[in-house]
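Common to both upcoming complexes is subunit A, partnered first by subunit B, then by subunit C.
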Partner chain A sequence: MSTATATANVFGSEVPQPAQHGQPGGIMRRLNFVTGLIGGLALATIAGVVTNILTPSGASTATFAPAAPDYVYLAVLLGWVIGFMAGMGAFVGPIRWLLGRDITHADAEYLAGKDLGWKRYWKFTTDHKVVGVQYLIMVMIILGFGGLLAMLIRTELGVTWAEVFSPSFYNSIIGTHGIAMIIGMIIVVMGPIANFIVPIMIGARDMAFPRLNALSLWLLVAATPCLISSLFQGGVQDGWSVYQPLASQGPPGMLGYQMTIIVFAFSTGVASVNLMVTTLTMRAKGMTWSRTPILVYGVFAAALMGLYAFPFYQYSQILAMSDRIFNTSFFDPLEGGSVWLYENLFWLLGHPEVYVIIIPSAAVLMEILPVFYRKPLFSFNFAVAGIVGVVALSGLVWAHHMYMTGWAPAVNYPFMLSTEMISIPVGFLVLVAIGTMWRGVVWTRLPVMAIYAVIFNKMIGGVTGIYLSDVPVDQYMHGSMFVVAHFHYMLMGAGLFGAMGGVAFYFSKMTGRMLDERAGSIGLWTAFVGFQITFGSMFVAGLQGQPRRVLQFDSLFNISNWISTIGAYIIGIGMLIFLGAIISSWMYGEKATSNPFGSKSLEWQTPTPVPLENFAVLPVVTEKPYDYGVPDPYQKELAAVDGDFDTQKVGSQS
Partner chain B sequence: MSAETHQPLSPTTGEPMTTIARRAKAGLWTLIVMDVSGTLALIISYTYLWSLNVNGGWAPPGASLTDAQTNAVPAKSSATFAADWPFWAIFGIVVLATIAMWFGYREGKRGNHAGLIVGAGAALLISIGGLVAQWMQISTFPFGAGNGAYASAVLLLCASNIFHFLMLIFLLTGIFNRARKGLINKSVYFQAQLMSYWMVWICIAFLLGALCTTFLQVSPNTDPAIFGTFQQQQ
Partner chain C sequence: MTTTDIRPSGQPDEPEAPTNRPPSMHRVKMWLRRPYARGILVLTVVIGFLLLPLCWLLLAAMNQTGAPASPIMRDIEQTVFVFTLISIPITAFVFAVLVYSLLGWKHISGDEVPADQSPAIRSNTIGVVMWTAVSSLLAFFLVVWGLVELAQITANSYGTIPADEQPGDSQALIVNVTGQQWVWTFEYPQYDGITSETLYLAKDRPVYFNVTSKDVIHNFWAVELGVKIDANPGAITQTGVTPDKLGNFNVRCAELCGMHHAYMETGIQVLEKKDFNSWAREMGGGKTA
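Entry: the complex of A and B
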C-alpha cells in the first residue's frame, strides 16, 4: 500500500515527504529483540549443520588438530551475528536506501521510538537517549560478567591449599575476564553517557547518524554471546592479548574471541564516526570551541583514538583467524610469519585503548567538578591541551608493552621517552581537577566522592606506570603481579570509579529518578576500600616476584594472595551495593527535577524525562559552560529567546 | 520545499539538505580514516614480513631465488610469485570506474541527469567487471594460502580488494537506482559527490596494494632470522 503524503510538519516547517509505504516504520514494526534472537539462532543452526556436512572427514588445521570444530564454530558465530542483526532490522535501512524508498518523518519518528513506551528498548531504536540507556544496561551486563570471572580468579588464587579449577579453565577465565573488562571499560562512558548526554549537551536533537547509533549498540549485543560461547569451546587461554603462536594452537574458543573483536571493533568504529561527526557539525549556534564543554572534547578525543587504532586490532584478529582457518602464515615463523607482527598490530590499539578508557572518564569528572564546587573549570585551555597532548602521543607509545619480547631493542628507549612524556598531558588533567577544587566550597555529593577516589587511584596508577615505562624496571617487573596491580589502578581505579561518578551525576537525567546516594556512597567506598586491599597487596606480591597468569605459586606469596582475595570479595560486595542502588533507584527512586544539581550546561536545561526531540527550539549559546558566579549564562539568554525549557511541554515520554 | 528559503529540506529532520550534505561529508572523511587504518594494517603486514623474511619463508617455495635469498631453505613446491600485470589491470579497472562516477557526478551537478545515470551505471558495470577480474586473479595464483608469508599477504590484500569491490557494487547500485528515480538530481547531488570521493580513496588503496606486490617481491633480507630447525631438516 502506498499512501503519498504531500508534506509533513517537521519542527515548524512544512516539508515535502517521500511516498509512505504502509504504516510508519514499515517492516521494522515487526522486528525486535525476539526476532533478532530467532534469526540469530536459526541462521547459526543452519550454518553449523551445513558446514558440518560440507567439512571433509579427517580434515585438519595447520597445527594438525581436527578442522571440523573450528569450521563449524566459525560458521555458527557468523550465522549468529548476521542472523541476529537481520532479525533486529539492521539491514532494512541500507536496503531501503538501495531501493530508493526513503523514509518519511513519520517513519523516522517510529524508528526513534515515539509512543512505543518500554518496547522501544527492545528494538533497533534510533533515538540517542534510548541507545544510551541500552548501552548502560549492556555495560552493567558485561562488567558484571567480567566481575564474576574476577571473583573466580581470586577464589582460585586465594585458595592456596587446593586447586579449584583446572589449569586450562583458569587460563580461560583469565583471558575472558580481561577482554570482557576491556570491552566494558571502553564503552562505560562512551556508550551510556556519550550517547545520552553529548547530543543534548551540544544542543542537538539527535546524533548525526541515528541508524549508525543503533547499529553500534546492537553489534555489541551480537558480539557478547560470541565471547561467552568461547568458554564452552575451550576458552581464551592466552590472556586478553592472545599472543601468537599460542593462540593459533589454542582450542576453537579462540575463534569466539576473534569474532567478538572483529564485530566489536566495527561497532566502535561506527560509534566513533557518529560521535565525531555529531560534535563537529551539530553544535548549537554560538557554541564555539571555547564554549564547548570539556566532556565533548573528551568524547571526541576517545572517538578519534578509537577510529584510527581499532582497525589495527581488528585486522590483527582477521589475520589470526586467517592463519587458523585458511592456513596462511602471518604469525607462523616457520613459514615466514612473525609473532612480532601480531604484537605490533595488537598494541597499536592496545595502548591508545587505555586512553580511550581514561580520557572520557577524566572529562566526566572535569564536568562534575565545577558544578559541585561552583567554580569555573580551572584553566579550560590547559584541560584541552592535556587531551590534545594525550591524543597526539597515544599512537607513539605502544611498544612499551614489548620491551621484553626481543623486538627491536634499539627502539626501547625512544618508546620509554614517549611513554614518560605522555604522563605530562595526563598530569595536566589532574592539575586542572585539583586547581578547580582549590579553595572551592564543596557540595559533597556522590559524584564528588568518586572524584576523590579517582584522584587517589590515578596517583598510584600513574606513578607506578612511570616506573614500568622505564626499561630497566620493566625488565624486572614485566609479567609480574606488580603490572597487574598497576593497570587495575588505571583502568579500574581511575576509569571505572570515574565512570561510577559519571553515572551518579547523570543518573537523574537518564532515568528520571534520583539515585539513592546513601546506598551508592556505601557501595562506592566499600569498593574503594576493597580495591586498595586487593591491589595494594598485589603490588607486594609483584615486588616479591609472583608472576601473573599462574595458577600455582610458591607459598611465599600466600599471605598477599589471601589478602587480595579478601579485598576482591569486598570490592564485589561494594559493587553489588552500588548496583542495587542503581536498580532500586531506577525502579522506585524519587522523581528527578530537571536540574537537581544546578548545573549550567545545556543538558540540564531540558525537562526530565528528556522529550524525544530534546529541544522544542534549538538553543543559542552565548556564554562559556562553566561561568559559575556569573548569573544564569544560559537561562538568561534562552529564556529571552526561546522561553523557559523547564516549563515547556514538548511531548515528553515516560 | 520551504517557502522561506527555497532550499530542499530533509524529510526526516526538516534541515536544509546542504546541512545534511555537510554532515555526510564529515562522516565520509571519518569512515575513510577508519578504512585507511585497516588498509595500512595490511600494508604494514606485507612490508613487515617482506623486510624480515623470517626463516627465509617470505617467498613462495618455488620462486627462482638464489640460495642467499632463501637462506638455503629447500623448496617444497613449484609455487612462484604472482604476475604483476593483473594487479595493475585491476587497479586500472577501479580507476576507470572512478572516472565514470566522477563524470556522472559532474554531469548531474550541471543538470544533465542522463549523464549522471550513465556515469553511475557505467561505474557499476565496471566495478562488477573488476570483482570478476579480482576473483579470476585469486583463483589463478601460482600459490596457495599455505605457501609462505608472501602468499598470505598477497591473498589478504586481494581479499581486501574484494571487500572494497563488494562495497562499491552495493553503493553504486544504490546511486544508480536513486539517480534513476530522481532522488539524486541537480539540487541534491551530495550522495554522488561523496561516492566519487570514496572511490578516489579506493583507487589509492588499490594502488598501494599494487605497488607492494610489484616492487616489494624479493625480500631484501638475505640473512634472515632462523627459528627452530624443523624446516631445515626436511
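Entry: the complex of A and C
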C-alpha cells in the first residue's frame, strides 16, 4: 500500500514499520472471550449434528457398545476446541502471515492489551502479566473444582453405612478429582508466577514468544470444559491413570479425559518452550548463571521436564483414543496389544510430572526465604545441584509405579536404585531451606510461614516415599491408601502449600493490592491442621490394608476414615478462607507499594502495577542475588576467644 | 582500641604469618558452646524419642488382622521397622531446626521491612559436606538393604530357595488365580482342577500363584501374607508364599477394576495340612494327588 516508510518510536529509537492495515489490531479488536464461546459452541453443535447424521445406525465399538455417542461426543469436543480457539483469535496471527500482513508496533501494542483496561483479561492478550493473572484465575477455578470433588469423595468415604453415590459416579469423581488436581498443580506455579514474575525477574520486557504465551493459556481454557463435560458423559471411571483396558470399557466420558490431555499437553509444550527460550536468551545484561535467581532455575527445570514428559502422555492418550474410535488394539491384550505399554507410556509422564509440580514450588520458597530471613540463600550452588540432580534422575524412575504389575520383575532392582538415589538431590533442597533458616531472624509474614508447613509435610512425604520406593515394602503398600496419603503429602502438603506461599508473596505485585495476611494465615493454618488429620489417618487406613479407590470397605477401616473425612472438611474450610482472603483483598485490599517486603530482586524494583513492557530502560545486573544480612557476629566472638587465627575460616564454619 | 582487630596487611616480602588455627576438636567444642547448637541437639534428641514409638505403631497398624502370616510379610515388617528407625534421626533434626527457628532464634512481626540483622552466611563447607555424606550413606544403606531384601523375597516367592531350606515334606501347592469383574476364582490344578472362591492354603506348604485376569487389570493382594501382584488380561504373572500361621485372612483387589472394585474381596483360610487335604477331598479333588 503506502510506500512511505512509517516509523514507530520504540523506547526512544525510530524503528521502520511495515504498512498498517486498518486500525491497530485489525480483526483482533472484535474477538474476545464471548466470540470464543460463540465460536466454540457453534462449531461444537455443527460438528455434533453432522457426525450424528453421518454415523451409520448400529455402529458399535470394540466392546459392543453403541458407537454413536462416542463419535458425536468426540466431534463436539473437537468442534469446541477449534471453534473456541478460532473465536478467541488464536489463528489470526498465522493467517495474517499468509496474507503477507506483517505486524506493526501499533498492532503489537494493541495485542499486548495497551489501553484496554479490564477488557484485556478477556482477550487473546500477549502481555505476560495479563497471561499470568489469567492463569491465576484458571488455577483457582481448577483447584476449586478438584477440591469440591475431594469433598464429595471424603463424604462418600466418611458415610461408611451407606452408598452416597452410585459406584460408577464415585469412580468418575475419583478420576476427575485426580486429573483436575494434577493439571491445577502443574500450572499453579508455572502459570501465574512463571509467566508474570519470571520475565520481570530476569529483566525482560516480555516472554520470548508472547503469542505462544497467550496460546498456552487459552488452550488450557479450552481444555477445562472438556474435562468438566466428561462428568456428564459417564465420567472418567478409571482413576486419573486410566489404565487400559478398563478405560476402553468406559463410557464416552473417557474421550473428554483424552481430549483434555491432548489439548493440555499442547498447552504445556508451548509454555515450556516459551519459558525455556525466555530464560535462556532474554536475561538482562550481567545476569550470569550465578546471578540468576533460583526461581528461574526451578522454572527452567520444570519446563524442561514437562517438555520431554508430556509427549509420552499425549501419545498414550492419542493411542487410547484410536483404540476407542478406530478399533485399533494398541492396549488391548486380547488382540495383541499390551497393557504394560500403556503403563510405561503413562508413567514416563507420571513421575517427571511429580517434579514438575514440586520443583517450581520449592524454588518459589527458596526465593521467598532470603527476603524474610534477610539472609542470603544458603549454598546457592547446592540448590542448583539439587534441581539439576532431580531433573537428571526424573526420567529414570518411572517404573517404580509398576513394581507390582509383573511387567518385568528384574527391572525392579535398578528402578529401586534410581528411586532411592533421587532422595539425595531432594535432600539438597531441604538443606538449602534449613540452611537459610539457620540463625536467621525471621520476619513472620504469611509467605514465609508456608515454609514451615512445607518442610514438615515434605519430611513426612519423603520418609513415607522411602517405604514405597522399596520393592518388598511396596508389595504391601502398593495400591493402598498409604500411597494416596504419601502423594498428597508431596503434591499437596509440599507442592500446594508452597505455591500458596508463593502466591501470597507475589500477590501484591500481580494484583496491585496487599493480601489480607491475617485471614490468609488463618486459612493456611486451618488447612494445614486439617491436612494432618486427613492424611495422617489415611496412612493408618493404608497400613491396616485399605485399598485405594474403594467406596465401601471393612468396618476395620471405619474409624480412620471418619477422622479423615472430618479433617477433609477442615481443609475445605481453610482453603475457602484462604480463597476468600485472596478474592476480598483483590477487590478491596489496600493499594500495594512497589516493594512491600524490601526484596532486592529485580521484579520488585519495578513500579506496582507493573507498566506494559516492564522496563523503560533495560536493567543491568552487577551483583549476585540475595545480598542480605550483616557480617557474622560469631566471627568476632571467636576471634576474641582464640586470639588472631584466621577469622575467615572460623566464620565460614558457623 | 576498639573491638575491630585490624591486622596490618602482609607486605609481599614478609614471611607468611604462622597460622594459629585451633585443632578440629577444639572447633567442635567451640561450636557446641553456642546456645543454639545445644538447643537444637537437645531438641533433636527429644523429638527423636517422641517419634520413636512410630517404629512399633506402624507395625501395630499393619498387624490388626493377624499379620504377619508368612516369612515375606515378616521381611516387609522388618524393613518398615528399620526404615522408620533410620529415618527418625534426620527427621528429628529437621523438625528441631523448624522448632528452634520459631522459638529459639528471634522473630519480628509487623508490616515494616525490618533492618538486616541475620548473619550473611552464603555457605558452610562442613555443613554441606556432612549433609551430603550422611544423606548419601543413608540412601546407600536403603538401596543395599532393599536389594538384599528383594532378592530374598523373590527367592521366597518364586521358589529358588535351596532344597535343604525347603520346608517340610510336601511338594509345593499351585493355585491358578483368576480375576474377573468382580470376583476372584482359585483353581487347584494338582487337585483335579477344583475351584473355590475362597483361597484355601495349607500351613507351611509353599504355594505358587499363577495370576491372570479375564477382563481388565486387577491386583491380587493377599493382605496378611504380604503377597501382591497384578492380574493382567492376556498374561500370567507369578508369585508365591509360604503361609506359616493358621487363620482367616483377606484377599483384596488393589487395582481399580470398574464399578464394584470395592467389593472384589474374599477370604483366605490357612489350614493344617491334613485339614487342607480333607477340604480338597470334600470338594471333589485330591483323588489323584
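In this text, the second predicted complex is superposed on the first by the 623 of 654 C-alpha atoms of A that agree within 3 Å, B and C clash if a C-alpha of one lies under 4 Å from a C-alpha of the other, contacts with A are read in each partner's own complex, and residues count from 1 in each chain.
The criterion applied here is as follows: a contact is a pair of C-beta atoms (placed from the backbone, for glycine too) under 8 Å apart; a residue touches a chain by one contact, two chains touch by 3 or more.
Note that the structure is predicted; figures quoted are calculated from it, not measured.
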Touched partner set for A:308, first subunit B, second subunit C, both or neither: first
Touched partner set for A:243, first subunit B, second subunit C, both or neither: second
Touching partner for A:592 - first (subunit B), second (subunit C), both, neither: neither
Which of subunit B and subunit C A:333 touches, first, second, both or neither: both
Which superposed partner A:430 touches (first subunit B, second subunit C, both, neither): second
Partner chain(s) touched by A:442 [first = subunit B, second = subunit C, both, neither]: second
Subunit B versus subunit C as contact partner of A:17, first or second or both or neither: first
Residues on subunit A lying within both footprints (that of subunit B and that of subunit C): 333-334
Residues of subunit C that touch subunit A when the two form their complex: 3, 5, 7, 19-22, 27, 30-31, 34, 36, 58, 61-62, 64-65, 72-73, 75-76, 79-80, 83-84, 87, 91, 94-95, 97-98, 101-102, 105-109, 111, 113-128, 131-132, 135-136, 138-139, 142-143, 145-147, 149-150, 153-154, 211, 215-217, 219, 221, 223-224, 226-230, 232-235, 237-238, 250, 252-263
Subunit B - residues contacting subunit A, complex: 1-3, 9-14, 19, 22-23, 26-27, 30-31, 33-35, 37-38, 40-42, 44-45, 48-49, 52-59, 144-146, 148-153, 155-156, 170, 173-174, 177-178, 180-181, 183, 227-228, 230-231
Interface residues, subunit A side, partner subunit C - complex: 167-168, 171, 174, 237-239, 243, 245-246, 249, 333-334, 339-340, 373-376, 378-382, 404-406, 409, 412-413, 416-417, 420-421, 423-424, 427-428, 430-431, 434-435, 437-444, 452, 455-456, 459, 463, 466-467, 469-473, 475-476, 478-480, 540, 543-545, 547-554, 556, 596-598, 628-634, 636, 638-646, 649-650, 652-654
Of all residues in subunit A, those that touch subunit B in their complex: 8, 10-18, 62, 94, 97-100, 102-105, 107-108, 205-206, 208-209, 269, 272-274, 276-277, 280-282, 307-312, 314-316, 318-319, 322-323, 326-330, 333-338, 341, 344-345
